[in-house]
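In what comes next, chain A is part of two complexes: it sits with chain B in the first one and with chain C in the second one.
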Partner chain A sequence: MSTKTTRRLLAGTALALSAALGLTACGVGQDPSKAAAEGGELTIWAWEPTLKKVVEAYEEEHPEVKIDLVNVGTGNDQYTAVQNAISAGSGGPDIAQLEYFAMGQFELSESLAELNEFGADKLADQFATGPWEGMSTDSKVYGLPMDSGPMALFYNAALFKKHNIDVPKTWEQYAAAARKLHEADPKSYMVNDTGDAGFITSLIWQAGGKPFTTQGTEVGINLNDEGAQKVTKLWQPLLDDKMVAPITSWSDEWYKGLGDGTIASLVTGAWMPANMESGVAEGSGDWKVAPMPQWEDGNMATAENGGSGLSVLKDSKNAALAYDFLEFATVGEGADLRISQGAFPATTKDLNDEEFLNRKFDYFGGQQINKVLSDSSANVVPGWSYLPFQAYANSIFNDTAGKAYISNTTLSDGLGQWQKSLQTYATDQGFTAK
Partner chain B sequence: MSLTTLRPATTRGRGKLETPSQPKRNLLLTIVTGIVLVYSLIPLIWLLINSTKSQADLFSTFGLWFGHDFNFFENLTRALTYDDGIFLRWLGNTLLYVVIGAGGATLLAVLGGYALAKFNFPGKKAVFAIVIGAVAVPGTALAVPTFWMFSRLSLTDTPWAIIIPSLISPFGLYLMWSFAKESIPADLMEAARIDGASEFRTFWQVCLPLLAPGTVTVLLFTMVATWNNYFLPLIMLRDSDWFPLTLGLNQWNSQAATAGGQAIFDLVLMGSLLTIVPLIIAFLFLQRYWQSGLSAGGVKE
Partner chain C sequence: MSNTITTPTAHTPPSSPGAPVTPRRRRQRTFATRTRWTGWGFLAPFMAVFILVFIAPIIYSIYLSLFHTQLVGGTSFVGFDNYVRAFSDPVFWGGLLRVSLFLAIQVPIMLGISLLVALAVDSGRLYGSDFFRISIFLPYAVPAVVASLMWGFMYGRRFGLVGQLNEFFGWDIPDLLGPQIVLASIGNIVTWEFVGYNMLIFYAALRVIPSSLYEAAAIDGAGQWRVITAIKIPAIRGALVVATIFSIIGSFQLFNEPSILQALAPNAITSTYTPNLYAYSLSFSGQQQNYSATVAIIMGLITMVIAYVVQLRGMRKDA
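Right, the complex of A and B next:
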């Protein structure tokens, strides 16, 4: 049902977009802080748990503002709900949480309010590059980053020590360590993976690949560039020799595996510590954080994985007020509130804050993990972009590239199939696919 | 009927005579029944055992035996107080949907079934055909069209979006209809009318008591259906303040799959246990009626 409406919607808007591009003049918006003083009502759809306290603090500061914070579902559930509300023309929120990969989809269908008129573009240097690029296109800002997920290597140091494994600095060493570990204990795996679009694209990102490019209605998809080839060359032998645990991330089996030594490491985003503290309690003291393994020894290049921002919907009747909340939650007092609850910041000020960097984590044996994670944030490879329909793309990953994890299809062939499906889809949507 | 009370006076050389109340033991049947019993009870036992575990024990100890600590009461308190006691709110919502939705559905089914069984009116056959047809259509298939309809009426994301569709139970209507047909003798209604009872009084004081077993059966059916309803609330509701338990538990469960979210598998298990307990109690109390209601109409007298 929704694909068909989305398709029509996208096809229509994609064509209209090129015509509209020249026409959108910058109107003079209402002053956000004035709107906040006047008051009003806001509806926010977000699943991020730390926002609750931010909303309370904002309401306390602005007694005339009433905010309804609703969790309509995580990730794709939320996007479906937002999309439905937009096509129904009513019942949608003023502010929606969007992951960086999903923003393009809503921007393209012209569902998001452009925030330059409120001065959002002047905040560019307050945010880390990766997240900022995730919320804006061509100097137009469609949302403010809330958190970020610069990647790092989370590893079970106790297990590494038991089997005499050094912390790998390069992907080559990582693969060798995976073999050594699995040989020493056949029940233990270095890593789990059953096909995860976010993970593979992040690896390609780190390797310098740029598989997705969008210019107007032209979409380029190349999942066989140099970066992608590096990734398949690394991962394929590990898959062939069954060095990768067939456990799906986020399942209860996964949580169990992280705790009992079945899965010895994770290469993932900086938001992971909060999940480990609550979901893998028995791993406390065993785990440590190291920089992401590198493609070239001595180099330092990383990628982002996950992370999300807040956008104002175009249909919002209270855009100025909504923007005031956005600033409060992302660069104002709300940001500190969220970080104190364990969120990983997207703002450079907080990423370089002494107190933040020096914080010792009991879970990680007293390690100052934010130093590693913040360093990763500073070294994210610039210039990455997702597809304008990445949410859809990720949803078909397992039907195409996912075959590589369960059959004789190679990962590179699987990525080729993914590319083909995506090109067909792009053409159906009214894009010119390359 | 008399067959069941007949007991053999003598047992001849062929061994015990088989009767419905004392069937011959069949080893194979006993084993098969035993397997089915174990199969149905193991998930419940698993749930009961694991509701006593901390999250750490949940992952590190054997599933069908107790963990290192006995955390049942701690889990119970935490489940009831987590997120400002949202679980109690969900429980209240579910009760609301069940009382009004299932209660209303039962009332409508009884009224409609009685009318269809005992009165003649034009179009009765068409109604019959529609009801039979509706029984065959699963509610899930109607959920999306219902959503569009309610969306037009601006009723989505309100309790009405759950209650109104729950009021309709074609199967309940059909059951009440056949039950009313079998259990209310026409002569009895005739007698009541001759004695001067109004139509309402005939229904309320004479027929309704006779319909009790069927009513309880339908009530149980609609109660279970509303209590366990997942798909309809899933597409109708956005605001978790109106969630029934089924959706609430799913929200708790998906917290573990959220970056920065708190994994609360222990509370999900305790919540699941708390969710099925009221249903088990309802069944234990009402099962007599349930059985007699289901078998009613099965024997030609």
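Right, the complex of A and C next:
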């Protein structure tokens, strides 16, 4: 009896000792590749579908590493969950997928690990400027860009052909096409929208609006500038005449609607193809990609929508290992794996790569969609910025501007209410709001 | 007891006359102290858990509510500023008004149905009453999240049961997830979930009514209706009060159902729809933990006061 206890005690001590040794080794070394060889466990919270194969490839290369990839929700759901875990101080992931617009909030609350110590700052010239700037502040790197989201028009070409609709080049034509389609088939809508902050702000971006300005702790919010007015003038009549399908993006119904012709088009970021291939198998062969409709005929202006990177949380106990995975997934072998599954890169090498540009997508009927998307990437209107608390701002969009989708409140008034709420929040949080 | 313990003093040699008295007193005193501490010893495990899981969180919340943390500027002590803010916060009172409306309409309906079902089961005139009882109770075993998801899909006009009914019969059932009706739709889910639970409380109370009362009533020639109003309902008044208090607390804490349905009706159910949802949004998407704690404390106090008033009124002998 007593010998057994002693033996168990010894074994326990040995285990604890070796664990402690292992920890020290990690702490002193801080070498990502060494950490990867030694192994460990990582938890990743991300919704990006192409990451699954990257995780598998990484685990194959590093048999000592075990990765738990969890999808806790898309966008705001993810940020709420991450914020939740950070506040609790435990239960959070090592790595989290964060969109560029949400970075400010997490940087401000000092929740992310600074990656310069692992050599992340040396990767600057490998990424497109926009995404790189999205993940770093004052030359401190808080994550590596994974994809970018220059916008384009994704449309169901088969449905367009059936109803004799030309691909719209301007927003005016887009609105006319929406009416024509819904008249021809009352079950079909050109577009779905139930109030999506990311979509509306991207439209304002493309229209030349600059509603958010930040200088130090001074925050300017103006959701009634010329750009915003263009957007409300376009969207309000479509909402009034019920030309917009009341289907929330990323819902089960939405995926179904994209496949069965209920929703005929999407104006969204270049990361969409991967999502369509995995979520809307039914639409394969029907869909095509065209340049984003323009506010003025003949222009080439575009905006970004979404796009995200991977960050290591400050609370992670495996930061070096986590960083090794980040490199693998964004500039290493994992990046190629993701591109081959339809992800849109943030790396300059890949954006200008002939093979990438010429790639034909079976899902899009053999179209070389990357040419359209790369063009869009080059024509993003410069000078846009988000709020340092954009994730929160987006989470209350439906409380205020959302009223325009279910009542007589106009979108313009709704945006006005959003602005007011944001200014109140900014003041409450110690910013000077204008 | 004290005798057995004090007997040893008898054996002490009578060297000095005063000696036997002193030890006895001392012994008695130690015994008394020991008894006092023994009691606490027995209480300790409970007190430890009670303080840790019950008192500590409340104190921590009160502590939090006295501060204000900003993204710019950090944390500062603000005294009762958060409470002042809450009392003039239209969003908070709007949410409270909404759950009060919910309470005033949904709770009577739910408890009425529960009582009716309990009386029916208790009447003994129901064929297969065991099966009936179980099936009414079954929804309570379904987690609220699952129930909300299930009903949410049924409410859907484009994909759910409502959509199919509309299509099949050519009806035009209004959008049950629309801003005007969604509160009633939530009430329907809650009623479905809790009728069985309340029924069981009432039924258990009905079962312990002595049958001699029924016999007496029968001899006096009372009919079923008279038995119900004069015997059954007065006898289960305690259970009615308990169920009402539970329902009041449940209404004020409304969270799961609106939170789940929010994904289907993002504009109708705002992030401030109920006080609990408001506290949640404040804390987890707005990082306003201090104000969130304040809202939670005020809600707790309001719930306590109302539940207490109901209990006082309900338990009054002459009520």
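Some notes on this structure:
The working rule: the second predicted complex is superposed on the first by the 282 of 434 C-alpha atoms of A that agree within 3 Å, B and C clash if a C-alpha of one lies under 4 Å from a C-alpha of the other, contacts with A are read in each partner's own complex, and residues count from 1 in each chain.
The rule we apply is simple: contacts are C-beta pairs under 8 Å (C-beta built on N, C-alpha and C of every residue); 3 or more make two chains touch, one makes a residue touch a chain.
Quantities reported herein were computed from a predicted structural model and do not represent experimental measurements.
In the superposition on chain A, contact is made by A:Leu108 with chain C only, not with chain B.
Once chain A of one complex is fitted onto chain A of the other, the partner contacts of A:Gln368 are absent, as it touches neither chain B nor chain C.
Touch criterion met: A:Asn275 reaches chain B, while chain C stays clear of it.
Once the two complexes are laid over each other on the shared chain, residue contacts for A:Gly306 go to chain B alone; chain C is not touched.
Of the two partner chains placed by the overlay, neither chain B nor chain C lies in contact with A:Gln30. In the superposed model, A:Trp47 lies in contact with chain B only, and not with chain C. Of the two partner chains, chain B and chain C are each touched by A:Lys256. When both complexes are overlaid on chain A, the residue A:Tyr79 reaches chain C alone and has no touch with chain B.
Touched by chain B in one complex and by chain C in the other are residues 252, 256 of chain A.
Contacts from chain B toward chain A in the complex involve residues 55-56, 59-60, 144, 151, 154, 156-157, 238-240, 251, 254-265. Across the interface of their complex, chain B is touched by residues 1, 45, 47-50, 70-74, 81, 88, 90-91, 147, 149, 250, 252, 255-256, 259-260, 269, 271-272, 274-275, 278-279, 281-282, 306-307, 342-343 of chain A.
Contact residues on chain A toward chain C in their complex (touch as defined above): 76, 79-80, 83-84, 87, 108-109, 194-195, 217, 246-248, 251-253, 256, 388-389, 391-392, 395-396, 398-399, 402-403, 405-407, 425, 428-431. Here chain C touches chain A in the complex through residues 70-73, 156, 158-159, 178-179, 263-264, 266-268, 270-272, 281, 283-289, going by the rule given at the top.
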